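Read from first to last, the chains carry the letters A, B, C, D and E; within each, the first residue is number 1.
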Amino acid sequence: MIKVGVVDTSFARVDMGSEAVEEIKRLTTRIRVLRRTVPGIKDLAVACKILIEREDCAACMALGMPGRDEKDKLSALVASYGIMMAQLMTGRHILEVFVHEEEAESEAELVELCRNRAREHARNLVRMLLSPEEMVRLAGTGQREGFADVGAAKKLR
Amino acid sequence: MIKVGVVDTSFARVDMGSEAVEEIKRLTTRIRVLRRTVPGIKDLAVACKILIEREDCAACMALGMPGRDEKDKLSALVASYGIMMAQLMTGRHILEVFVHEEEAESEAELVELCRNRAREHARNLVRMLLSPEEMVRLAGTGQREGFADVGAAKKLR
Amino acid sequence: MIKVGVVDTSFARVDMGSEAVEEIKRLTTRIRVLRRTVPGIKDLAVACKILIEREDCAACMALGMPGRDEKDKLSALVASYGIMMAQLMTGRHILEVFVHEEEAESEAELVELCRNRAREHARNLVRMLLSPEEMVRLAGTGQREGFADVGAAKKLR
Amino acid sequence: MIKVGVVDTSFARVDMGSEAVEEIKRLTTRIRVLRRTVPGIKDLAVACKILIEREDCAACMALGMPGRDEKDKLSALVASYGIMMAQLMTGRHILEVFVHEEEAESEAELVELCRNRAREHARNLVRMLLSPEEMVRLAGTGQREGFADVGAAKKLR
Amino acid sequence: MIKVGVVDTSFARVDMGSEAVEEIKRLTTRIRVLRRTVPGIKDLAVACKILIEREDCAACMALGMPGRDEKDKLSALVASYGIMMAQLMTGRHILEVFVHEEEAESEAELVELCRNRAREHARNLVRMLLSPEEMVRLAGTGQREGFADVGAAKKLR
């Protein structure tokens, strides 16, 4: 049984963690999920590192919703940086799944975007762990999580 | 007895550390607090790391008040980055509790905001250490420390 | 047989990894390539580190296409930073091969630019591994990967 | 005898290191100072780390004067970041004492500001090493090094 | 015999590495220089780390020429950050010698600036290794590498 960590925040306005957990369970029975919630995005990295090191998770998802202000953007930078370092220190993948509030135009759209992005990244995680050769088939195909894919650029004929 | 570190600064204009210490004591008798004060926000990270490594604190709070200038914002970035790295190097949570002076419109409001944010994060810390399952119940509920919560985004019905 | 890792993304709109792999194979039979694909540029660094540490790759190429938005530029910064740290933690070179979508004016030009930059960096990698003295001969000659070289600056005579 | 490192730069326009050394000597006979000078602010961090690791300094002061240009501000960011990492890697405090040239309006004012800031931070260092409980008494009191203190924010009565 | 590493890039438009090597040789016979060239500035840090760790260089010079675009400035930030980390991880000095193309107004001026800055930093390196007390005599004297020194700020009499 492969273990995977899913960590989200109480700051976010959508329960992204539950979406990710449900999607993983829907896709496979070979992965067991450990769920944690932390206050904000800067608390995600160490929570993932703890899940990897103490619970032997093979990979993690770090889900969060950075705010709109300039200082929130710097927080997102530090949070990303921490998730990057946690990956390098553990040698395991941690997928960063952030939704910026201003990406959506209404609350209903925000719920939808969070749901779709969390689930599409859950699919990425399952592919990376269970069938990495499928990822190579997707190389350069312009995948977008939560929105429609843009597709591969076309050469002149 | 679980030990927790609380570190604040002499640069801040409100004694945020005392608010955090009092709130932790008010909430539980199972946690013992170690208090330190450093000159500025860039001195917080190593002070927390020392409390974790030499005093075996299970977690820390790092409280500070970044200034208004452009260069103060870069200082806040470096300070946050350090708190992030200290968490990853020790595998323990350090809650960053920063209040930017311009978040409040008067001195009285600043005092109030610092007090509320410090105390709400103290509650987060206690929950994370003593009842982490409570945190999961708060996932995606739009919690805000120091201001009113914004709540979860609503889906279309 | 020297092993080299080539990692690209499903986010990119051109299959940059295949270009790099083909070019390496065209240039030499002394290098064996291991190929991986990850979702986005922030997943490249740890994938390279895994290839170096678990598969003993002597060096890697990390290929990606950052998006156009402000937040994509911060993602590119974090991705670069991670590739830098992965190099320092392993003591091996990882060539960062990024093409920003706005560097090209049409889809056809984007395909061409990705192809050329990936292949020119593949040549750099082969030179660094098999004939480092050739690199020294190119010092200060204004090489540009994917575009025409600008050449050395001329002194007054 | 406690050892402390004082490192400054040849780029700065005021001999900040000498001010710090004199102030420490004036305040106590229990600390021995080791002095170094490096070219610029990005050379400070490793010089401090060497003093801590090879000479067993209990703490350091890193004094410098970032330039006025945009690229100087990025240099200051990297320099600060390095001082942060050096602290975390050694578990010792390194007080960053930077004076930006534009903080003063004349050369004479610049000399005065450097002198005052270096000496006030020297006092912080001595307090942190010899009487840390004094620091806690200063928590939230709005201390400013080199300029007049702003004081604690006042609550409504 | 002390070994020193000199690393430059094929991206730069002036052969800065040769200037540094010649100046070191002109100044002393007690230092042996190891020379490497990498593609761009983000490849410098790991190349220096390899020279320090595998070849036991006592210090390094990292020479490069960041481009003019916004994204080149972010590359310079990551490159600087890497050089900083390489210093802290090895405990050895690496002098960063960057010339931004826009610092000079003509190609001839660019050649001259690169030559002067590389040589002045070579002198810094030799001083730091062979006569560190000379560096302390230069503390706060406003040294500028490649341009005229600005000198120490004057106090009021």
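Here is the rule we use: a residue touches a chain if its C-beta (ideal position, glycine included) is under 8 Å from a C-beta of that chain, and two chains touch if they have at least 3 such contacts.
None of the values given here were measured: they were computed from a predicted structure.
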* Structure fact -> Output for shared partners of chain A and chain C reads none
* Structure fact -> dist(centroid_CA(chain A), centroid_CA(chain D)) in Å evaluates to 40
* Starting from the mean Cα coordinates of chain D and chain E, work out the distance between those two points in Å. => 25
* For chain D, residues contacting two or more additional chains -> 77, 81, 85
* **Ordered ring members, chain A first, chain C second** => A, C, E, D, B
* **Residue ranges of chain C touching chain A (in the complex, touch as defined)** => 8-18, 35-39, 42-43, 45-47, 49-50, 53-54, 71, 74-75, 77-79, 81-82, 85-86, 89, 107-108, 110-112
* What residues on chain D touch chain B, complex-wise? -> 73, 76-77, 80-81, 83-85, 87-88, 91-96, 100, 121, 124, 128, 132, 135-145, 150-156
